[in-house]
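Listed next: structures, encoded as structure tokens.
You will see two complexes here that share chain A, one where it goes with chain B and one where it goes with chain C.
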Partner chain A sequence: MAKEYVKYVDVTKCDGCRACMVACKNWNDLPAEPTEFLGSVQSHAKTTADTWNVLQYIEHENGKGDLDYLFRHSSCFHCSDAACEKVCPENAISYTKYGTVVIDQDKCVGCGYCVQNCPFEVISLKTYKDKNGKEYRKSHKCTMCTDRIEEGLQPACVTTCHTGAMEFGDKDAMIQKAEQRVKEIKDRYPNAMVYNPQGVGGTHTVYVLAEKPSVYGLPENPKVPTSAVLWKDYAQPIGKAMIGATTMAVVGAFVANKFFSKKAGNDAEDGGGSHE
Partner chain B sequence: MIKSVVSKEYQDLQKKIVQLQEQWKQQLNPEIIRPNLDKAAMEAGVPAAALTAIDFEISLFQQWIEEISAILINSNPELEPKLSGIESLLNEEIAIRWIEEAFAFNHVYFASFAACHGLEGWIPQFLAETALRPYLQLTAEKVQHEIHHSNPGAGCPVCGEPVRLATLKEEGKKVIHCPRCLAHWHAKRLECSHCGNEDHKTIQFLTIEGDAVSQIQVCGTCHGYIKIIDTRQYISQPSAALLDLNSIHLDFVAQENGYHVIGEKKETN
Partner chain C sequence: MSNYQKHPKANVKVRRFPKAFVWAHAINGLAFFALYITALPMYTDFFNWLYPVLGGPAMARLLHRIFAVVFIMPTFILLIFSPKFFFQWMKELITWKKRDLQFFSEFVKELFGFKFKHIKQTFFNAGEKINSVIQIFCAILVIASGFTMWFPEFFPRALVQWGYFLHNVGFGLGIAVIVGHVYLSVVHKHSRPGYSGVVNGKVPAWWAKGHYGDWYDEEVKKGNFPDLDDPKRKKGA
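Moving on, here comes the complex of A and B:
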């Protein structure tokens, strides 16, 4: 396995400039998405099929009665144990050797299971029309710029970040950095923590959060949904075994039928003979 | 791996050589480098290495040449008959001469040496240069704190190599790297390293479609160029020597567009 990389996001250094959103659109050639005014400076409510990372702006009243203006670069977490990968019936979602989670657009049938099961709600479906006017869907999300990583380059969002809120590097080094940073900011943000949830096996985007995950609308302890585990680890293998059993039954029936119908045919001949 | 026009085999060979040079440099005692930097001479563009006394160990130099030959033969066994005679040729006298001439980058001497001894033209200078570099690199390391800029047209302030490679660092600072001695120094973003031209109207940038990290800065006044690589985007920082090699396509593009490694100032009456 090649080196596992982690995108380190220190939200306390982010100044909300949104350059990461622009860099992502630019590198991945994603179209602009006009949106309604949401009552804050935030542009999109959440990530979409054409907007793979969104900057969250959160007005949060901290324990001392002061208002904190919190920012968070939100995009795919690239879970080590990814629910989307587990539920995909077409095996269109897979892990790369760098630890990133990617969707094979040729295999995706747009069923939307991944969208329903992502604990962080970062995958979305996009509807296309083929040349006959028939609609079909494909799911999309951040790829962590796997195409750039393959060429030895950092993800576009990290490259463009001018405050140093994002860094990209060796998994262990980045996690260590996050832990160190949390110690530094404990005075300013007593609830600060490293967000690298173990319920999904750890993630390849590791956050230094200033507040509890729920303040950012993140699950405190995300898990791969039980239904997904049941589906992938039990239902599917049993289903495949059942297909085997069914096939055997069909083949058996065919052989038996052939034999039986031949006999029946003879009977008919005999019957025909008896009439004469 | 970063895409390159250079074959994987040649990149691997160069990586091995760069690693070896680093090891050799570690073996050297820094005391053998005694810089005697003269401010006025440096300002006039005399390379620091020319103002430095270096105690070369001839037997070590001969041993390194043997090691390089071994690496070359290992990567391409066909080279064995071409390289086998070198060790017997390289007595102490010749080794001293090689060091001196490699130091001065005297390609004429090496070409005639090759012709005299029936060697392929590239062999003597390649071996001598490769084995000299650890000394130059140690010198650069030792005087690095004194190196802040280079004089336009004077090349590397340590070894005199023409300027051709720069990287972009934090806050977009342009840092020029010498792929020969690995010295580095800051330069203005809008300045030609060859002629000192700072007129933004005559400095242009050529870019390669699909190459997100490289640009070629060309000067309309002296027709010189340098390659600028945005290494801030790299996951790990490669050595300047390998960066120079892997970006060789930029040299082709620049030269095919009529720009030169060394600027030529056109005399106007």
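Moving on, here comes the complex of A and C:
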């Protein structure tokens, strides 16, 4: 097995230049998405099917009467236990040997189950028109530039980051680095933490956050929805077994009837004895 | 064909279901299978070849939504055109007596072709009541969760997520029971004489008397059905 890689994001080193957004659009050939003014420097409310990473700008009162201007590069977390992969009915979403989670566009039917089940809400549907004018949908999100990793390159966003806020490397080394970094910044950011949520088996984008996850609009304890586990691990296989069981029961009944009616020579036309 | 059509009293028919029920049942059945088939390629990859047949995933989705609306209609057809039948049905579903339990042990014998005796039943026998209860339960699950899946933008995310699970439970249980329902109506030799009931609403009188003793006797008392045991019985129903 190839090495598992992690994208390390130290938000405290980010200066909000948005080069990562541009590099992403550039490499992945994604069209620009003009937006209205949202009341801050932030360009898009969240990731979309054509904007796979968005730089968040958060004006945060830190409790000591000071204002912190927090930035965060947001994109797919590439969970080790990915809800999107679990719920995809077409097996279009899969894990790569690098630990990244990718969508096979040929298999995707645009149902949107992944969009609704992603704990981080980073997946979106895009509507296309084919040459006959018929509309169809495909699901999109950050691929961690898996096509670049395969060629020995790093993700486009990481390569372009000029402050060193992002690094890409061996999973264990990156997690260690994050833990070390949190120690360094505790004085300035007492709430600083490593965000590598275990509810989704850990992620392949690991953050050094300056504040609690909720400050960044992130779930404190993200996990694969319980409904998704019950649906995919229980309801679906049990349902398939049930239709198999009833089919076997009626086939058994049919055979038994043929067998017994021959034996008994069959009496009354409805086979029943009289009422008690 | 089997011997039930050669029954000496085979041509005496009685009305079992109102026309509204026949329509409601047919529309419901058609929509059920159309919904199942249009969703089947999502349920299991084995049926992925259905996508091109249905005109692609987007078309399958559209058809599924059209039949979803059709699936909801039968309830209203019954409520508007035959409310009496509808409420009688509902009343029987919540009425359970000792004879209902006795029915099941005899039913198992009947199903596998052993000797059995008829337990007197009212309009619906206990098996039909169980079938109705399960299908109504499944329909409510599937319809309610269908709304959250169709219009996720109007519902909280958690509700949409639970909707997928409930939709799966609803149709998984529903189709499993339908297999038995269809087998009993078109294949099983003791129950298939009643099949005409969902085609034109009428069933052979002798069959109705055997399978729904209490109901038949009641209708005879009201003067609606012929008394099959009466030797001076007039011809016809």
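One rule holds in what follows: the second predicted complex is superposed on the first by the 238 of 276 C-alpha atoms of A that agree within 3 Å, B and C clash if a C-alpha of one lies under 4 Å from a C-alpha of the other, contacts with A are read in each partner's own complex, and residues count from 1 in each chain.
Here, a residue touches a chain if its C-beta (ideal position, glycine included) is under 8 Å from a C-beta of that chain, and two chains touch if they have at least 3 such contacts.
Everything quoted here is computed from the prediction, not taken from an experiment.
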Applying the document's definition of touch, where does A:Ala235 land relative to chain B and chain C: first, second, both, or neither? second
Partner touching more residues of chain A, chain B vs chain C, is chain C
Touched partner set for A:Gly110, first chain B, second chain C, both or neither: second
Of the partners chain B and chain C, which touch A:Tyr216 in the superposed model: first, second, both, neither? neither
First (chain B), second (chain C), both or neither: which does A:Glu151 touch? first
Answer with first, second, both or neither: which of chain B and chain C does A:Val250 touch in the superposed model? second
A:Gly169 contacts which: chain B (first), chain C (second), both, neither? first
Figure out whether A:Thr159 sits in contact with chain B (first) or chain C (second), or with both, or with neither. first
Complex contacts: residues of chain A adjacent to chain C: 87, 89-91, 109-113, 116-117, 134-137, 225, 227-228, 230-231, 235-236, 238-240, 242-243, 245-247, 249-250, 252-254, 256-261, 264, 266, 269-276
Over in the complex, which chain C residues touch chain A? Could you list them? 3-4, 6-7, 42-45, 48, 51, 56-59, 61, 110-120, 152, 157-158, 160-162, 164-165, 168-169, 171-173, 175-177, 179-180, 183, 187-190, 193, 206-207, 210-211, 213
Given the complex, residues on chain B that touch chain A span 1-3, 212-213, 232-236
Mind listing the chain A positions that touch chain B in their complex? 5, 27, 148-149, 151-154, 159, 168-169
